[in-house]
Amino acid sequence: WMNVHRYSRVSQCKIEKLSTLELTRRVPSEAGYTEYFDQFNEQLQCVGVAACRRTIQPRGLLLPSFSSAPRLVYIAQGRGILGTVFPGCPETFQSFQQTEQQWEQTAGGCQRFRDEHQRIHYFREGDIIALPAGVSHRCYNTGEVAVVAITTFDTSSSANQLDRQHREFLLAGRERLVEQGSQIEVRLQQIKGNNLLSGFELDPLAEALGVDRELVRKIQNPDDRRGEIVLVTSGLQVLQASRKSEQLVREREVRQECQEGRGCQSNILEAFCTMKIRQNIGDPLRADYFNPRAGRITTLNSQKLPILRFVQMSAVRALLRPNAIVSPHWNVNAHSIMYALRGCSRVQVVGHRGQTVFNGELRQGQLLVVPQYYAVTIQAQRESFEWVSIKTNDNAIVNHFVGKTSAFRGMPVEVLMNSYRISREEAMQLKFNRGNELALFASKIEREAIRTSV
Amino acid sequence: WMNVHRYSRVSQCKIEKLSTLELTRRVPSEAGYTEYFDQFNEQLQCVGVAACRRTIQPRGLLLPSFSSAPRLVYIAQGRGILGTVFPGCPETFQSFQQTEQQWEQTAGGCQRFRDEHQRIHYFREGDIIALPAGVSHRCYNTGEVAVVAITTFDTSSSANQLDRQHREFLLAGRERLVEQGSQIEVRLQQIKGNNLLSGFELDPLAEALGVDRELVRKIQNPDDRRGEIVLVTSGLQVLQASRKSEQLVREREVRQECQEGRGCQSNILEAFCTMKIRQNIGDPLRADYFNPRAGRITTLNSQKLPILRFVQMSAVRALLRPNAIVSPHWNVNAHSIMYALRGCSRVQVVGHRGQTVFNGELRQGQLLVVPQYYAVTIQAQRESFEWVSIKTNDNAIVNHFVGKTSAFRGMPVEVLMNSYRISREEAMQLKFNRGNELALFASKIEREAIRTSV
Amino acid sequence: WMNVHRYSRVSQCKIEKLSTLELTRRVPSEAGYTEYFDQFNEQLQCVGVAACRRTIQPRGLLLPSFSSAPRLVYIAQGRGILGTVFPGCPETFQSFQQTEQQWEQTAGGCQRFRDEHQRIHYFREGDIIALPAGVSHRCYNTGEVAVVAITTFDTSSSANQLDRQHREFLLAGRERLVEQGSQIEVRLQQIKGNNLLSGFELDPLAEALGVDRELVRKIQNPDDRRGEIVLVTSGLQVLQASRKSEQLVREREVRQECQEGRGCQSNILEAFCTMKIRQNIGDPLRADYFNPRAGRITTLNSQKLPILRFVQMSAVRALLRPNAIVSPHWNVNAHSIMYALRGCSRVQVVGHRGQTVFNGELRQGQLLVVPQYYAVTIQAQRESFEWVSIKTNDNAIVNHFVGKTSAFRGMPVEVLMNSYRISREEAMQLKFNRGNELALFASKIEREAIRTSV
């Protein structure tokens, strides 16, 4: 049901100078806050993405909403649960609690309270979560430290047929005003506000929902000042017991129901009901590239997490040891949005006529856009450098200049000799000096230390 | 051969106020007329569609043409035949008539006339017909009342590589001038005109077609004043007898021919030759959602009619009983273009900051654009309300707020309590009051009547 | 890894007049030159392509580079080898030469030199070569005449996320200045220049590549004046022996490695490693349509060469005998970019209101854009006319007006009678006079000669 694609909005996009981006706008809520990278920044507009960082305090609940753009969320800190509501999916989580009454029309008075809802997802630090456009979700911090989540929106996705602006649609709550007024505010004024239900007339909505006017008034809550992240004072009760077995049973039932009758909107939808939407990439054991003296890289693409096909993004989580280097490379089929998690690195980016478009530091909390095709190299400073890159392709590919399966290794020595007017000896050095090292190179000091010790 | 997609043309599209659209431009023909919704209307431009209504009198023939945009046609009235010509498909309809001579070079004088052509499609009221871009077709009214057809063009389809304007290319005839001059005319002047063959020089065209100059003059017919719908005075002779058996035989042959030789442009094309292009959604028996006190909804997506994958649209046909309500919902992955067939309804549409963008009546013959993600609710007035919605996705999905498999049903009661600061009892009402009702809700009066009678 | 698509950039594109294009800009190199069709020409911008012609002298090496747009290359003359480097593909070509030392750390002194690199492709006149965006390649003339290659870039491809400009990224060398200054130059100034590696700082790059500063200085070669095509004075040594067997063995190994371990970026990538990127369409024996008195047509689509799915283009190579005609037709799902290889033809193109947008000659070396849906007819002049058409769809379809499986053949005779107000006899002529001829029609003279001789 989501044949997703992405396209460049801009007809001409001169990226002659890149710069690191900082969080510029902060929207506080009762139990946390959301900070945005400037949505009107030329670099972000060029690559067609928007990004923000959300901090959710313990027992904070991010109210249900959906977005006009698909998103990838990286959990930089904390743990919690995420609930999604995919239209047409069954309520596979069911509970029986003794303390409440059941609302169903049954004989007898005091009964057990019963609730059921769609599946929820447990997340923790290092997870990537994929959320398609138009699908409502909410998020709750179950831990004892704040949840910090970096979110990247693909505003160029064809899933969004509206326009290229990123918009959030609230199902509940209303967004607070921003702390500091700024020029950005004027342009952003119309982007958020009240929840969707508050725009309907009172009486028709009451009739449609089948509830009384008083309740509708509360839902449309014009006086709610909590913002989009609210505090659940007594903590949210979460279903956990034997959920796995129940779920499996229910899923099987639903599928049968679907095949027999007309109850389901679409069989394709069914696939979404049980699809995994999160995967950990922070755990060192999941590394795809590992070099004890240089660092590690973990990639997450749609082959590992199929839902990424529907958001057309992928992710890379990496750690670079002190002074280690990421081999010079270019992104073949995607832009790369780097967010620095820890430490500091020196990054150089070179554009299409050999022009240096960035040569500087990327520090913790900063964002750097590396456009498709542009050559880039990263070197950690004195400490280890950790970052996450969101790529605008569900199977992003990089091409390294040197090392294993690189551009130079793929070419004959004679081509290198003639391309650069160098001797055979020099061409051999260029081609083979990095041996079978791949993507990550230890620093000179490290390598020399090893050579000495051998 | 048609890897179709759709994308928003506009970089920013502020829909702050919607309004119902009326047919504004009327182009008369000999045997009918075409009425257009203003192609330059901002709402239609925002969602990237164009729409018109065609009225074909009995024995009226809509001359062959093709369009730069794929289209879905809803037959609001009448019956007839539609002929398409897919390039590379075989002529599977064959006839032998005694009254005419055969033109083939054979011995002997008076013989049976023989014709053959590609398959034709019989349509009737309530049908949806899908037509890919660039594929020529014509249409003939075989009934005794006018055929009335509502057509929606997806001008944002990637099938159209030309530009975002909707253009029709005539194979025959020429378009008449419009009845009333208007500002629109100035802009539209260049959109239609003569048929394609009239632009070629006489002699080369005669040689290319292998016919004499006189015949080419007739084809280029500068004096044809009939317009695009012409009257077939004596009625069009239509092949019918044993067509099913013949067709099956021919199709099998063609497939074999294709596998063995080089006769076919593309195997993918073959799929189109036998693909179904129409499906009825007006018949009450085909309803997907049915509630005797509220109404019915019939959906048509690419799982039911695979060709919709190539036009990237789907359709919904619905009937709402007096005062009944369509549950508040949003379109997850499509715009919705509502066309009112009968009766009148009250519609509310709410945009992305809870802003009411429409709150008014939608009457018979009017069109309303409901953008993706926008929340909408529909309530029939005193009479039943019937409409057809064209959606800009071949598997359009809606998400309801309440009722079965809705956003509220998918969330835990505790989330609702905390989201709206309501009691558990209220949250239970919000979540369960609509019980297992789905999409369509009977009016309060209806429900109370039933409650009393029970 | 390349879910490719294409879309029109322009919101409105009035093509009221077409004209043939000439090569306007010439960039000389040491061993050849590149000539460009004006990238800012309105017609090329409308259809979203760029085109150039490259001439590579014998022993000329086109230095490694990649492009922001996928391309199809037609080899109009000569023979040579093309090397590509797909990221992640194995070095399947291996050599052992006695004259040099091996650089690997082994015991002993003078040894055999050993090189290995990714597969290379032998090409010759009449070949189409498909190159995806972002994939580096180089090209070497192994023959005794110049290689002449016509290249068409799809700048509207979604593979390019950067912007709609065509950009080349050099891995080596630097582009020379243009011979004649012109207005175009001012706008193009920023498009090429130095190679990517020249933009990095010396010391960090030396450390990253693992080579000394002197070598990096040579690579960044600010004084290289050879341009993008350099002369290999002593000729490039090319691997050939038993390459087939070796390759097969290696491929099998790689696939196993991949299934077991983590060595590969992506299984999808693997498909590219062994994918065929070239196919001959110049050889008369490969013709799809052949008429000894009219000519021949060879088509190449993604069913014959699957990599075309990833560049979303296809090609047609045709020869038209003197005075023969290409049947009037329209391109159903693609633009067509005609490049005249030999001879001269008269071409007529008719636009969407029957307007003649082109009526003139197309001569050797000229380019003509035929937009999607526009009707076109081609007639050779006194000599044979040869051309290649690049189409912006991997399975481009044309629809002819007359002849076998044409628009007229697909319609009932009665529809033609009523459409054009002609008699049954005339309609039969229109429909059947071209008999089973398909696409290519012999000239009147030819046909009459045959009729007489029979």
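Quick notes
We call the chains A, B and C, going by the order they appear; numbering starts again at 1 in every chain.
Just so we're on the same page, a residue touches a chain if its C-beta (ideal position, glycine included) is under 8 Å from a C-beta of that chain, and two chains touch if they have at least 3 such contacts.
Only a predicted model underlies this, so the values are computations on that prediction, with no experimental measurement involved.
At the interface between chain B and chain C, under half of the residue numbers appear on both sides, which makes the contact a different-residue one. When chain A is fitted to chain C on its Cα atoms, the angle of the rotation, on a 0 to 180 scale and to the nearest 5, is 120 degrees. Centres computed as Cα averages put chain B at a distance of 38 Å from chain C. For chain A, residues that reach two or more other chains under the stated contact definition are 5, 7.
By the touch criterion stated above, chain B contacts chain C in their complex at residues 1-3, 5, 7, 9, 61, 63-64, 66, 68, 83-91, 93, 100, 103-104, 113, 115, 117-118, 120, 133-136, 138, 140, 158-165, 167-174, 190-201, 204-205, 207-211, 215, 218-219, 221, 224, 230, 232, 236-237, 239, 262, 265-269. Touching chain A in their complex are the following residues of chain B: 5-8, 10-14, 46-48, 156, 288, 299, 301, 303, 312, 325, 327-328, 330-335, 346, 348, 350-357, 359, 371-373, 375, 377, 379, 392-395, 397-402, 405-407, 409-415, 418-422, 424, 426, 428-430, 432-434, 441, 443-444.
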